[in-house]
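Here the structure is laid out as structure tokens; the discussion comes afterwards.
Note that the chains take the letters A, B, C, D and E in the order they are written out, and that residue 1 is the start of every chain.
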Amino acid sequence: MILNVENTSRSFSGFLALDNVNLQVAEGEMHALIGPNGAGKTTLFNVISGLISADTGTVSFKDRELSRMKPHQIVEVGIARSFQRVNVFPRNTAFENVQVAFIARNREHFKIFAAAYGKYTQEIMELLILVGMADDASTPAGELAHGKQKQLELAVALAANPALLLLDEPTAGMSIAETMSSIELIRDIVKGRNLTLLFTEHDMTVVFEIADRVSVLHHGQIIATGDGETVRNDPEVRRVYLGTEESES
Amino acid sequence: MRPRGGVQWTLFGLFLVALVPVVGERYYVDLTTQILIYALFALSLNILVGYCGNLSFGHAAFFAIGGYACVILTTTYEVTLIISLGLSVLISAVAAAAIGYVCVRLAAMHFAMLTLAFSMLVWSIAIKWTPVTGGDDGFVGATLPDLISNPVSFFYFALLIFSTGLILLRVICTSTFGRAMIAIRENETRATFMGMDVRKIRLQAFTIAGAFAGLAGALLGLYNRGMYPESAFWTESGQVLIMVLLGGMHSFIGPVLGAAALYILETMINQYTEYWQIVLGVILLGVVLIAPDGLAGLLSGFRKRKDDSVTGVDSE
Amino acid sequence: MFIQLMNSLALGMNLFIIAVGLTLIFGVLRVINFAHGSFFMIGAYVLYSVVKRTGDTALGFWGGIVVAMLVLGFIAWLVERFLLRRLYDKEHLLQLVFTFALVLIVGDLVKIIWGPLQHSISYPPGFGGATDLGISRYPTYMLFLILSGPVIAVSLWLILEKTRWGRIIRAARLDRQMLSALGVNVKAVYSAVFVAGAMLAGLGGALAAPRLAVEPGMDALIIIDCFIVVIVGGLGSLWGSFFGAIILGVATIFGTLIFGEWEIVIVYILMVAVLLWRPWGLLGRIEEDRH
Amino acid sequence: SMSADTIKIGVLLPTSGGGASYGIPAENGIKLAINEINQAGGVNGKMLEYFIRDTKLKPAVASAAARELITKEGVHVLVGAVSSGVTLAMSEVAKQEKIILFAPISKSIALTESKFHKYMFQSSANTNIEGRVMAGVMKKVEAGKICATGYDYAYSHDFFASLESNLEEGMAIVDTFYVKLGTKDYNALISQLMGSDCDTVAGLIWGGGFVSMVKQANPFGLFDQKKFVWGAEVGSHEMSNSLKGDYPEGMWANSYDLWYSPLSDAHQAFLDDLAELEGQKETNMYPVTTYNAVKFLAKAIEISGGTDSDALVTALEGMAMETPLGPMTIDPETHRTETGEFWGPMKKIEGSDVLRMSPAEYVY
Amino acid sequence: MSLLEVDNLHVAYGKSQALFGVSVEVSRGELISLVGRNGVGKSTTMRGIMGLNVPNRGVVRWKGEDISGRDPHLNCRDGIGYIPEDRRIFSDLSVWENLDVARNYNATSTADSNIAKRWNEESVFTLFPELADLRNRKGGVLSGGQQQMLTIARSLMGNPELLLLDEPSEGLAPLVVSRMREGIEQLKEAGLSIVLAEQNLGFVLALSDRVYVLEKGQVKYSGSAEDLKNNIDIQKQYLTV
């Protein structure tokens, strides 16, 4: 298991957002975390990535305990994340967005005499080409269409060279066309680079298309884990999340 | 995108400034010297405000610390000029690191106000520590080596220090550290999740800014042959902040323009009317309403490259 | 000891009345109004002018306070409507330069209109002496200040929390554009808040005037106290500035008594200490000023 | 403006913010002196001209302005400023540029003691003299145990040191309470004064601070408890005019000048001219100080026949002159002249709501 | 006369032009949809109608009157309701307060419209029962779906005749999406006219009377939902891969 979440709870002023969660993600696996709105998915991501701390329980990654680490240290050990709401440097170009990620990854953010200009041009362009954004390199991120911003976020996350990628609703707000190409892209990258993926998503097409395993969170508790088929047919999951007609497309 | 774009222009500008004593009267030599000092001070503040996105209301603290350190070292302890300059930069940097260590835990307005509180603390210490600082009368009558005791030689000395500061700051701003600062300004959370230790980077920026403010303060102390508590008062921090905003904080050279503009305005208007406040106030209102991107924004408006000035990365 | 506590409260309440306008304006408009001290000063001067004409009568004094508030409301309306409004969607910090410019202009105007010398306003009839409180006698006017602080605080709190107006003001500070898309004339709300903040500054200035010299430069002294109050209490928090003001009052009075002239240092150390203990001020909340 | 062939006087005074109440009246004295001299044909046939700059009460601003006046306007002498810190900073410029600085208002002893230099002249009563004068007043009021209060800065410290050393047998300063400069709230001080068992309060809080202090102390009845002897020119007409009936009756106070208490015909003539210039009969107290300064400088220029600083210094050293306030002589050693002040108890005058010093005595 | 008429609308963000002449028409009681890939200008069209972005060319007509560039609050008071894609709940205000702020006391428009229902707390709580339980909770801590319901409810408090509904299903659980669909159907039955922007094609086709397909800031196709359903070419070209 590359990621091991054990007995993790977190409450917000009395409200229990995570209730004794146990979640294991195996190396190289594509793991989906689904569940109703407000189930605690984003909260769990926040705990894993160090944005907030858990009240109880442990999170370990490659057998290293993460609980005491600061967010940037967690990135250093190999976990990169994207955000549910797009989170980029809006006034900087796509190129610069990725460049900063490379600077951080190579721990050059303290170097005051290392000129930034032209640094990592090749790596950055390779990455932008990979996510299909070669033409947008010099566009300020804030002016990119929503879907492109999501792809940029992916590129930024990849620039950290992570072993585990946490993507929070990677295709939310994307058109059907873009969703399709994003699925392809994510699958190719994760498999091609031998990464582990943990993602949340409300679009069941995406979930069942790419997830090797699916965990379902409800009221802060994991109520089901298994492959797509098992979860899809779980009556409890159908009742609280999927509904009778599971998805439109 | 090219950071080298403005180098020729900057060198040319410095060259023109160097000609002031040759073509101008003594008064313009003095005026330019003071502008250089405040320009360096404003540049140092812009590291924090423009690049790192940290509004400081207490930057004058380090200006004053550098100034006091320098005049006290040269006069009370008779340390040679170069060493006391170096030491005063070091002392301001250490003070900035210590104060910054506490301040960078806060963000936005709270950061601004904590820096304000610390600078007022420095101010009150400058007033109360009479045996060392001269108290409320200030430290008057600093000694200066003969080499720079005449206005023209002091001018070149100040220009040399200013140019060095300008180049160093330019290098710092275009470094990978500079990019990290901009990233933090734009989106601190994202920067954190790229693996940056945001607090440490902000502390480093704070320390660097404090060190250069100290250098500018040391120059002022030498120039005035004295240092006064007023230099640490919050209005001084406010004034340098206005210089930065007036010049345009999203441009590297903007603060220099702002410092020159405000300093010249303040001196000139004082020469023509006792009602300088109202005249300056109206001019500032006009600038704010007409040129909301600051003077540098106004200039770059003529030179189409507006996108660069928005990213704040490479505009000159 | 009792007297000192009362003194602290009187000072604190006077500061609160002035500072609450600053926190209100910052809370909604996100403008750090350096000109708040100038508004305070105008309030005191306007009251002086009225009282000078009416003589030391009760009507002159209390009516003068109303006039002072109205004058400030009008000035603030002009400033907001024709100048400040144009800056909201521009670079945020430039508003600092704007309010700084106001400080300069008002500073000179006051000197031109009222002259450079200091003036003084007598206590209103019936408030010049002391009242017997059983334990000891205490100046009536200061008792009045001590009582008026909570009255203003509670009224403001009721308006902000219990009326639709207050809800709209709180919503305006969160998302101006969305509020306007919901049918609220946000421009008018901003105007109203700015006007109300300025009127409170004017009220504070007028109420403080009998205890102070009315003179040029009184603006610069008060604004830093206001900043301390607002920051210690928590930016944008009504009760924060209430308690912040009391703390500053206590620190000033007891600081002077205990530490003598070192009080100057004590106040700033206290401010640093509070911010280290509670980074967002006593009742402040984390500022989400990005995105 | 005027021809290049004028004698130029650089004037540095605070004319904005809190300093305006000193600087603006002080400028009137300069105007009056220059008008008089120019109407009489100038000095050695040359007209006088003055250039004024706002010091903004900031030493660094004043230094820069002083330098500007010297290098750009080419002034021949400097006059100013009000607060000691600012004057000290200007003095440093005067020393470097070898231009005379004449300080008619600042009372710092440092100007002519620790920081003394050849080009520095001072015509105000400095703290040594003022302390001595106040000690005399203390004797008159049979002060007994004294508590001293003032702003926490060099002026008060130096003043009280002088007062203490000049006190008669049987009198002593038993308590000293300093408050921070610019304080607006005096309640803590008021309690301390009321709690002290001194008989007389020696005060130095000036300007608007004095107004605030008095207003805040009145409801507590502080002024009925003890005797009060207050320096720092709070006995001026301006001050009593602004406080009116709130002014503590019986307080001993001082002033540079009093329009209602002419010392001589010459003084009355000066007051009349000033009244015409200011457009008010009840004139301010500061003009006489700067007026005298300009008169001294003009005389020195006349004697030396030019504007060379060193020659002016020589001329000024030991110079004696009749002034509205009587004869004054500049000590060649200390570069100072003894200026006196009006001292007396403040009394209600019938038919007026403003208190006056009565009787007022000119002492030094 | 159509209720809303958008004619040749051009909108820019600073220097970058987002709309190049969009024309849309909505009749009373009609539900029309704007579809298209990301960034084609669906949201910008809505913002242009609402007055949140001032058009640099073109006209927005509301009941025949030119309202282009008018302040949003006037448009709202006149009967246009806007539900943004990013929800924009007033996070510090409770659910009830969020509703109260949006209350339109002088909803004159209602009088002369054929909308039978006048919205108030009670009626919106009947439409979204779970909000009733949350009435005292702060808006900021609601889950995504709850926030989406609150946004719609809040907008209804202004008693609009036309709703601009931007991506109501984004980020919602499948179960909630189908409930949302029912909700929208109810609104339509209540007589509201609706402009819907949506990625979820199934959702669109099931609800809309007419559909506009956008591409690069221009309308490339418009027709009934039925026609679009059968027009695989258009779907291929502008909507799927």
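Rule of thumb we're sticking to: a residue touches a chain if its C-beta (ideal position, glycine included) is under 8 Å from a C-beta of that chain, and two chains touch if they have at least 3 such contacts.
From a predicted model like this one, the values you see are computed outputs, not experimental measurements.
Note on connectivity: the fewest steps through touching chains from subunit C to subunit D is 1. Between the contact lists of subunit C and subunit E, the overlap is empty.
Centroid analysis (C-alpha atoms only) places D farthest from subunit E.
The chain pair B-D and the chain pair A-B differ in C-beta contact count, and the higher one is A-B. Put simply, the C-alpha centre of subunit B and that of subunit E have 50 angstrom between them. Centres computed as Cα averages put subunit A at a distance of 42 Å from subunit B.
Mean C-alpha position of subunit B lies 32 Å from that of subunit C. Annotation: 74 Å between the Cα-based centres of subunit D and subunit E. The set of subunit D residues that touch two or more partner chains comprises 15-16, 24.
Shared contact sites, meaning residues of subunit A that touch two or more other chains, are absent.
Residue positions of subunit C with contacts to 2 or more other chains are 107-108, 220, 261, 264.
In summary, the structure contains touching chain pairs A-B, A-E, B-C, B-D, C-D, C-E. By the touch criterion stated above, subunit A contacts subunit B in their complex at residues 49, 51, 70-72, 75-76, 80-81, 83, 87-93, 96, 99-101, 103-105, 107-117, 119, 138, 140, 156, 159-160.
By the touch criterion given at the top, residues 15-21, 23-25, 152, 177-180, 182, 184-185, 187-189, 191-192, 207-212, 215-216, 218-221, 238, 242-246, 284 of subunit D touch subunit C in their complex.
Looking at the complex, you find that subunit C touches subunit D at residues 3-4, 7, 10-11, 107-108, 111, 116-120, 122-123, 128-130, 139-142, 210-213, 215-218, 220-222, 252-254, 256-257, 260-261, 263-264. For subunit B in complex with subunit A, the touching residues are 1-4, 171-172, 174-180, 182-183, 186-187, 189-198, 200-201, 204, 208, 307, 310-314. Interface residues of subunit B, counted against subunit C in their complex, comprise 49, 55, 102, 105-110, 113-114, 116-118, 120-121, 124-125, 127-128, 187-189, 234-235, 238, 241-242, 245-246, 249, 275, 277-278, 280-282, 284-285, 287-289, 292-294.
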